[in-house]
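Accompanying notes for the structure given below.
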Amino acid sequence: MDTGLFRPESVAEALALLARLPDAKLISGGASLVAMINARLADPAALVSLAGIGELKQIAAAPGGGFRIGAMARHRDLAAESRFSGTLAVLQMAAAQIANSTVRNMGTIGGAVAHADPGLDYPPALVAADASIEIAAAGGRRQVPAGEFFVDWFTTALQPGEMVSAVHLPAARPGIGLYHKFARVSGDYATVSVALTLVREGRAISTRAAIGGCGPTPLMVAEANRLLSGDPTAENLRRAGELLQAAADPVDDVRGSAEYRRMLIPRMLARAFDEARLRAGAAR
Amino acid sequence: MSAPSESVGRRVPRLESREKVEGRAQYIADLYRPGMLHGAILQSPFPHARIRGYDLAEALAMPGVHAVVTGDDFAEPNRMGAFIKDEHALAKDKVRYVGEPVAAVAADTEAIARAAAQAIRVDYQELPALLSPEEALASPVHIHEGVEQYFKVFDAGSQGNLCSRTEFTEGDIERGFLESDLVFENHFETQAQAHVALEPCGALAEVDPQGRLTIWSANQSVFRVQACVAEALGIPMTRIRCLTPRIGGAFGNKMEPHVQPIAAALALKAKRPVKMILSREEDFEMVRARHPFRIRIRTGVKRDGTFVAREVEVLLDCGAFADDSPGVLGFGLLCARGPYRFPHVRCHGRLVYTNKLRFGAYRGFGNPQVSLAGESQIDDIAEKLGMDPIELRLKNILRGDDRPLGGQILTSNGLRECVERVRDASGWGKGAPSPAAPGKKRALGFALCGHISGLLASGAIVRILEDGTVVLNVGANDIGQGSDTVLSQICADALKIPLENVAFVSPDTDGSPYNWGTTASRVTFMTGRAVVGAAAEAEKQLKQQASEMLECAVEDLELVAGGAVAVKGVPEKKIGFFEIAKRSHWFAGGPIIGSHSWVYDNPTVDPKRAAAIGLPFPRIGAYSFSAIVVDVEVDEVTGAAQVKRAWSACDVGRAINPLLVEGQIEGGVVQGIGFALIEEMVWDGARLANPTLMDYKIPTTREAPYELYPIIVESRDAQGPFGAKGVGEVGLVPVPAAIGNAVKRATGVRLFKLPFSAERILRGMLGTQQ
Amino acid sequence: MSDTLHVTIKVNDRSVALDVPLTETLLTSLRDRLQLTGAKRGCNQGVCGACTVMLDGVAVRACLSLTANCEGQSVLTIEGAGADRAIAALQDAFIEAGALQCGFCTPGQLIAARALLEQNPDPSVEDVQKGMSGNLCRCTGYNKIIDAVRTAAGKLQA
Amino acid sequence: MRIEGNFDIAASRDAVYRHITDPGLMARCVPGCESIEQVSPTGYRAKVTISVGGIKARFNLVVEVTREQPPGLVLSQTRGEEGSRASVLSADNELTLVELDPLTTRVSYASEVSVTGRLGKFALGVMKKKVGAMGMEFADRLREHIQTQAVPPSQAPGSAA
């Protein structure tokens, strides 16, 4: 019997099912998968529901600081997560801007990152937060930095038979995390989004900026982060924007032309950075 | 005359509210019949191709499939069309756009029907696709061969890919421009907008043992459905009965047929009831949409701001079938002058077939497009003349017995009051209303319009039941706007009875008096007046009975509140409807049935004042007016514009139900905001690129201004029921222009192309506008 | 597609057993199998909100929920919501405020509003705009809906 | 959607022309192509799988060469559908060869692609990127094959794939 809906109670059990049923799909919140099924873009013969796996539901503070977010954590829970202080606020802000309240009740972070739609809000936020994705495989678990997890349009580092079991956030650092999203209407996929973490280190700052909606994966450029760190000048900010702009590979679609998306990158970066620096009390 | 029973003017919640909030209102998809099958369509993958043949074997062999229909099931002369008979129920011989229904299946379940439709093989021979009016006008390839021979209800001037052409002239346009001190010329472009009624289209058809059809469907007129199905199937109207469930919004896309004739053909073939509900994607791809306009507008004025001459030329994309398009062209041109004094006018345009889905009626019917051009240009003229845009308009608007384009008589005109009310309410001219947030620019914008509410025919029947209560029977569909309630209020007041004593009959082509349809803001005005007439007829019969019962002259009697006839000045000498009904039903005179019907007969064009060529509707009028001020904020980083506040004043003659009038104004304004800022159907080559609600966006609670103030102006039109005129469209029409004017005042950027997307505004601000 | 799954769910406090294909949505089961047509199919993609129902006390999209995946859960639809104090107050407020026109989106609006009031008994205008941005209405322009939700909130608080 | 591009190959125009008209080689150069068989002097039948993320679509395609001007130009039409007929694909293609010098040829390709049905409703922007990437992959493989003369076209396995 290799069709139907399976309800494993442990990650190990889920992985065993995936091994036995190569055509099975995992279902967590369903928000992405069922929409694909309704659009006839997916027609799974078997589904493995993660709903019964307790381990996947917790958002637990990690011993060394930071958090382990189970893959089944709902957008709603992350949007309401008050423990995400300092730089980690970027994730809470991103979660709060996904779709709408009803869909946030359904969707899970694991489902979203595995779906890897370039318009999603989590990927840039996770990259900016320097999060890593915990992948469970038959051989054991491994953590992949968010920046490496997202590989291409709708494509991740997940191999067949593997699943996302959790998202790990590093310890919150004093400073600011913010997520600016621009979309045609509330709840639409981002035309362009900016995820930013800004850490205050005495008089200096250290910044990580990731751009969403402008390529197959979240856009982050080390040199841009460097330019936005220390004691950045207006010129640094301008050059950082240009670097990200140059690195972008946006689509041309109904949410905006590729050229418009490129135009927005430095503009939205500047607004986000200025706001973060101001709130960090490090305004020049 | 405000008796306690008075309903007119009261904020009565819609009569069917309870069933709607309890989820018990039945829409087309909610209907089930014994033995009912489910239907599904196969859509064309090509924009233009000959159909060489079909292979139905695989589909017919699938278990659960009961019937398949194709274009072969529809005989050649059986074409539909409100203005030009050019459309079969299913593609016949040819497909003319991507998504056109080519074949349909009836099966036990929707899933089987959809799978079977996919299994139908069609042998296509591709033809060149013509995707723009310019391309189509230049091409030797014809989307309809022999359009010249199609039956038409007016002088369309059809030729090749030219579907129709219309022209209005008044005065001497050339002289007008010579007499002008300044002449302004601009080009505007508008996009295709999808109706996105929340309810997708659908139909349920059933055949009785005598072979007579009953059709329920998502529609704006049971009579149009009946007429079109009769045309499509080539059977007499008497063989078809059309009914309506509740309608989940329409805005024009349910006025003309969609799948009703297809469902009917399947039901006839399967001899079982067939329900066919379109998916949202199919609804986007094959029903209809708002016309893209290309507009050239030229206006001549005196230095003191006096308007002298206006020429407007439009080019409309018709899509593959005429549908209501000739009407949209004609009406758009009729409105293109605007409600202004212009001694010299020429408004002309062409409607061109293309290989896209048909464009058709959409709230505003061409007026929002031409108003964008006219009202934007007037703001630029005011700027050039150094005048306040509202002052410039007040100097030139129609007043007193001025005539609109065409020269027909205005029976009421509250335009000036509309302008003054929104000007004063918004604090116009008193500096920035509220400061722009950092990184934003903010300004007010203004526009106005006139729009008709009288055309075609309506009837009403008022019956006094045995117990003296009343049944009101009109053929008008309530599509959500609230006409069941408004017409019942009119009836109650005309007979001075409580609203609870009026029962409203759901439209039924077997029993309801004719009604063209719920469209063009016409129901309150047209059908409302029929109701007043029918009530008056019933009143006459009531008084005749009463005069015999009270032994006094009819002239000495009057209706008194509460459903009684009394001797004038002697209220206690009265006799109730119940007593009268008893007598009329059992003893003398016969049951009281008042009926009235009329057709709007005020000529569109007075030949002594204006000339018209290719006039699709010779009798149309009864003008409503509106003016709007919007408070718009533009984001300097992204270019995104947001309407923060809006004041919309509409001259509705008389608000029969202010609560519902407000609903029409508020809903219209927000739909206009979507049209102005967000919504656009985009084609990728020949196929619609965004036929889903994921990719096609409409305003949510976050894009609609909560501070939206509807202002009701009552000019009391002598022709309307209790002075009422239409309100369905006037709220929407001026919105895009007002927003464009606000964006201009906030940023200095004048945009000539809708929608005013964030991208276009930002490019404008950065001076990189293409 | 032929083989079905046996599922037992609670719908409006009534336990129902269904045999459904793996990929059948809760919306289809409610409408086509149980004739509970209050939840509407407006887009089948989770965008319009007309199919919003409560699943184990949380507002969800019935069109994005697989019936087979709801085993043992309880569903509340507008048909079963009459007894709910908040829904009753919202229904009255919607009627009085003229917060419905065609009514197609109304059941979804009411369920979404109830969910909102559960989390925020006294929402500001902006709270309602945020909380209900996932329920499209093409008729009203929304402000009468916002007023109705806040009026109901006030009545429920009193 | 329109995709276009060009690339240079270090080979004579005649050689390049010979290769691009060799179904066997095309089978190996077109990304996702499982097989190409010649069914008439100007007609070919091909099976091509397009996959985006988790979505896989296997198309049965018919390619009709509508105009051939050796050694400079090939115009063709591609028509086809998924086995399930859930998507229909049509493409009008233009391939031109320009001799830059006797041993270098510039290959330019342009294709107007239209997909209707289920894939036609899926992320248009991403599909454009996908098809564009397939064009580049095709260029790389073709260049590699020709420049390394991997297999003499005569011995190409044709529809063996």
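For clarity, chains are labelled A, B, C and D in written order, and residue numbers in each chain start from 1.
Operating definition for what follows: a residue touches a chain if its C-beta (ideal position, glycine included) is under 8 Å from a C-beta of that chain, and two chains touch if they have at least 3 such contacts.
Because the structure is predicted, anything quoted here is derived from the model rather than measured.
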Partner chains shared by chain A and chain C (touch criterion as defined above): B
Whole-Å separation of chain centres (CA-atom averages), chain A against chain B: 45
Interchain centroid distance [CA atoms averaged], chain A/chain D, Å: 36
Computed distance of Cα centres, chain D from chain C, in Å: 49
For chain A, residues contacting two or more additional chains: 39, 100, 186-187, 253-254
Chain D, residues touching no fewer than two other chains: 86, 121, 124
Chain C residues counted as touching two or more neighbouring chains: 44-45, 47, 130, 132-135
In contact (per the touch rule at the top): chain pairs: A-B, A-C, A-D, B-C, B-D
Parts of chain C lying in touch with chain B, wherever the complex brings them together: 1, 31, 35-45, 47-48, 50, 77-79, 82, 90-91, 94-96, 98, 100-107, 110, 125, 128-130, 132-146
Residues on chain D engaged by chain A in the complex (per definition of touch): 52-55, 86, 118-119, 121-126, 128-130
Residues on chain A engaged by chain C in the complex (per definition of touch): 3-5, 7, 27, 30-31, 34-35, 37-39, 43-47, 49, 51, 99-103, 105-106, 186-187
Chain B partner contacts - residues on chain A that touch it in the complex: 39, 100, 182, 184-188, 191, 253-254, 256-257, 260, 263-264, 267-268, 270-271
Residues of chain B touching chain D in the complex: 43, 45-46, 98-99, 118-119, 281, 684-687, 689-692, 695
